[in-house]
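Both complexes below contain subunit A, partnered by subunit B and then by subunit C.
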Partner chain A sequence: MNSIWVIAKNTFKEAIRDRILYGILGFAVFYLLTDLFFARLALGDVSMVKSFGLAGIYVCGVVVTVFLGASVLYKEIESRTLYFVISKPVTRAEIVLGKFFGLFAAIALTISAMAAIYLGVVGYEAREFDMLGLLAILFELFEMGFFVALLLFFSSFASPLTATIYSSILLFSGHLLELVLENAAQIGGITLRLVSGAYYILPNLEKFNIRGLAAHHTMISWPVGISVFVYAVAYSTLLLYFAIICFKRREL
Partner chain B sequence: MIEISRLTKIYAGRRVVDGLSFSVQKGRVFGFLGQNGAGKTTVIKVVVGISLSDEGCVRIEGLPAGDVAIKEKIGFMPEAPYFYARLTGLEFLRFCGDLFRNRRSKDTASHEELLKEVGIYEARDKRISTYSKGMKQRLGFAQALVNDPDYVFLDEPLDGLDPIGRREIKEIIKRLKTRGKTIFFNSHILYDTEELCDDVGIIHEGKLLYSGPVKEFCAGRPLEAAFINTIEAVSRT
Partner chain C sequence: MACGVVIFAVAIPVAQSVHDSFVVRAPKVIDFTPLSFIKVFDLGLHEAVAAIRWVSLRSDMPLVPDGYEKLDYEIRLINSLDPRFSQPYYFSTIVLPEIQKHPYRVQAAVEVGKRGVRLSEPDWRVPFYLGAVNHVYLRDRGEAAKYFDLAAQTTGIPESIRRFSLGYGIAPKSRGEMKEIWLAIEAGANDKDTKKRAEMHIRHLEIIELLQDAVSTYREETGSFPSAVEDLVKEGFIAEVPKSPFGLNFFIYEGGLIGIKPLSSG
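And then the complex of A and B:
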């Protein structure tokens, strides 16, 4: 447990000292501040301000996660920095988990910074504290946790580019599955069976998307919220388990 | 005691280490010598638990290599080490020390002492990305000693160091020996090796040619001459 904490702390420290992270964060701040300009165009329609802001936080969160997560294990194997760690009393499972928690903490910090600006912008425009917006950002954070686990899994055996492509495809398809299933239901037959199979095997990431609901003041129930949290934890745990298996077999 | 028994490692169908068996007694300085690509680094990686053997086994104090309990007692410096460039030297040493259970490894004062010993104390708060090759080599050496290990494994420890740096590292190795540490190092710099070692192992194309006291191997000749004669004799057959 101590080793996981030490590796997580080190990964976090390394991540937040990366200049490129600040470049992305700077862009995100600029983007969120332009929300003030869009608020004028929307003639006081706060839901548009919220949609724009929440979508921006999501996209920047994905970019930061890809940037930090895609190469994390691969880079350390290639550069042999892992030799220092593996020769210490540390298991490979602890390395994977430490990397996960460290990266997730860095991403959570970045998203928190964007959330603070978002809440400031919405507070200024709508004179309210956007509790639902905050909940939507929390759900985005759950999705980023899943995405970090996915990137770590691919990074345990593939190059950063391959890991990014595979993860992005899964992220994209994970958001389209519900829509594809609805369309397949109209076609029926083998198409429906194939899509249904994919629907149950692949992650359904639309579960994490409550941005539209939050923008239009629609509350979600506690059971739904808890089930989404459990879904994120279960899927991430499964991915980390497979990442550990792959990493254990990897020749260094 | 380090015991290596019928150790074999296969990469892409090629036996890069082929049935190696030898042992290193406690408190001895053992130089593992061979040409580039002979299999030295592969052996050291298996011994410190980075790689797994395909056949045979390695035991340190009776425990299998890679066992977490034995990793508490070893220190390892990889060849041409790469670091977390955005950390400072002291932060890196603290990170390495925190991975051990014993309290001394986590003590900042002993980290600073170690940095003084390897001669990079003044640069302790500078980022590693600003370090020269020699400074990185010294930091790599310091992290191998952070847990006050009983067994120190060094992969080409003198590579990249200037003559003064080499002398300093050799002095540290000698001091470690007087403190009863067992030191196992790979090298192709034979002049320095002769001065430091009690025993040597000679590896050529994955096979062990000799293991035993350095004086017996040299038989009055300089180590370099004895090494070249041995390799050439094997290459001719």
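And then the complex of A and C:
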């Protein structure tokens, strides 16, 4: 447990020292501040300001996650620092878990910074504290947690570019499953059964998307919130488990 | 250094301008982006995409630069991307009927408004503007009454608009027709809520009728109009001022007409 904590702390420190992170964060701040300009175009419709802001946090969060997550194991192997860590009494499982928690903490910090600006912009425009918006950002954070686990899983056996491509494909397909299922329902038969199978097996990332509900003041129920949290934790755990297996088998 | 900056400052706009003047452009084709295509690539950010497309469409709407088919398509697309987003519904409902370049403008406005009533987040402007379009352009007082009533029930409606909506058709010349309309709605209603609302409107109109008759009798007997509905009770023309089913107060205009105002305004 102590090893995980130490690795996580170092991964976190390394991540927040990365200049790319500040570049993306700078862009995110600029984007969120343009929401003030967008508010003028929205003719007083706060839902537009919220949609625009929450989308910005999500996109910047995904970009940060990809930049930090895809190369986290690869960099350690390339710079040979991993050999030094492995020579210590540390298991490979602890390395993967430490990397996961460290990266997730760095991404959570980045998203928290963006959330603070977002809440400031919405507070200024709507004179309200956007509690539902904050919940939507929390759900986005769940998705980022899943995405970090996915990137670590692919990074455990593939190069950063390949891991990014695989993860991005799953990210897009994860948001498409409901649409594909709707279309398959119109075809029916074996197609529908196959798609239904894929629907339950593949990660359904639309579960984490409550941005629309938040923008239009619609509260989600407790069972939905809890099921989404359980889904994120279960799927991330599964991916980390496979990441550990792959990383253990990897010859260094 | 300064020379370099000046060269760039001149060279770049000149190059851009020359390029724009001489480049051979492909003929402009109206782009009907399929909804499913957007949904595939927007990573679930439908609401933000709808908001951005709407800002662009809203400014172009009065000009109809790409024809009315494209305009109708874009509105439908935005509604499909974010069905709860109310601004495209109410804005289109009230603006479309005035777009002369659109051959079916009023029908299009009604269609968008009805879609909004069905799908939008609760926003009084959607049914209210639909009611206004039915009244002004279609002269359909039944539909107008129905949508004004819906607007009056929506949370967040300003009190003055609520009073206007509930007072639709209470003027003496239209009161009889309005009562017939609500009686027909009551008779044809399949659900309890509509039936109840119709009964409330009928009762509301009957109270106004009763008060108006009492005012006329007062005028005949005293030669002047009462200054307040309470005078009718004091002078024994009515036993008591009936309670409005909508929680409104009644008052008398200088010419003796019955009006309504919010309960809070006394």
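We take it that the second predicted complex is superposed on the first by the 252 of 252 C-alpha atoms of A that agree within 3 Å, B and C clash if a C-alpha of one lies under 4 Å from a C-alpha of the other, contacts with A are read in each partner's own complex, and residues count from 1 in each chain.
Convention: a contact is a pair of C-beta atoms (placed from the backbone, for glycine too) under 8 Å apart; a residue touches a chain by one contact, two chains touch by 3 or more.
Everything numeric in this text was worked out from a predicted model, so none of it was measured.
Once chain A of one complex is fitted onto chain A of the other, the partner contacts of A:192 are absent, as it touches neither subunit B nor subunit C.
When both complexes are overlaid on chain A, the residue A:216 reaches subunit C alone and has no touch with subunit B.
If you count the residues of subunit A touched by subunit B and by subunit C, you find the higher number for C.
Contacts of A:47 after superposition: subunit C is touched, whereas subunit B is not reached. In the superposed model, A:105 makes contact with neither subunit B nor subunit C. In the superposition on chain A, contact of A:29 is made with neither subunit B nor subunit C. Look at A:88: by the touch rule set out above, it reaches subunit B but stays clear of subunit C. If you check the complex, the residues on subunit B that touch subunit A are 11, 45, 48-51, 68-69, 71-72, 74, 76, 78, 81-84, 86-87, 91, 95-96, 98-101, 143, 153. Those residues of subunit A lying in contact with subunit B across their complex are 2-3, 6-7, 9-10, 13-14, 17-18, 79-81, 83-91, 251-252.
Taken in their complex, subunit C has these residues touching subunit A: 36, 39-41, 43-48, 50-52, 54-55, 82, 84-87, 121.
On the side of subunit A, the complex with subunit C involves touching residues 38, 41-43, 45, 47-48, 51-52, 54-56, 58-59, 62, 171-172, 175-176, 179, 183, 205-206, 209, 211-212, 215-218.
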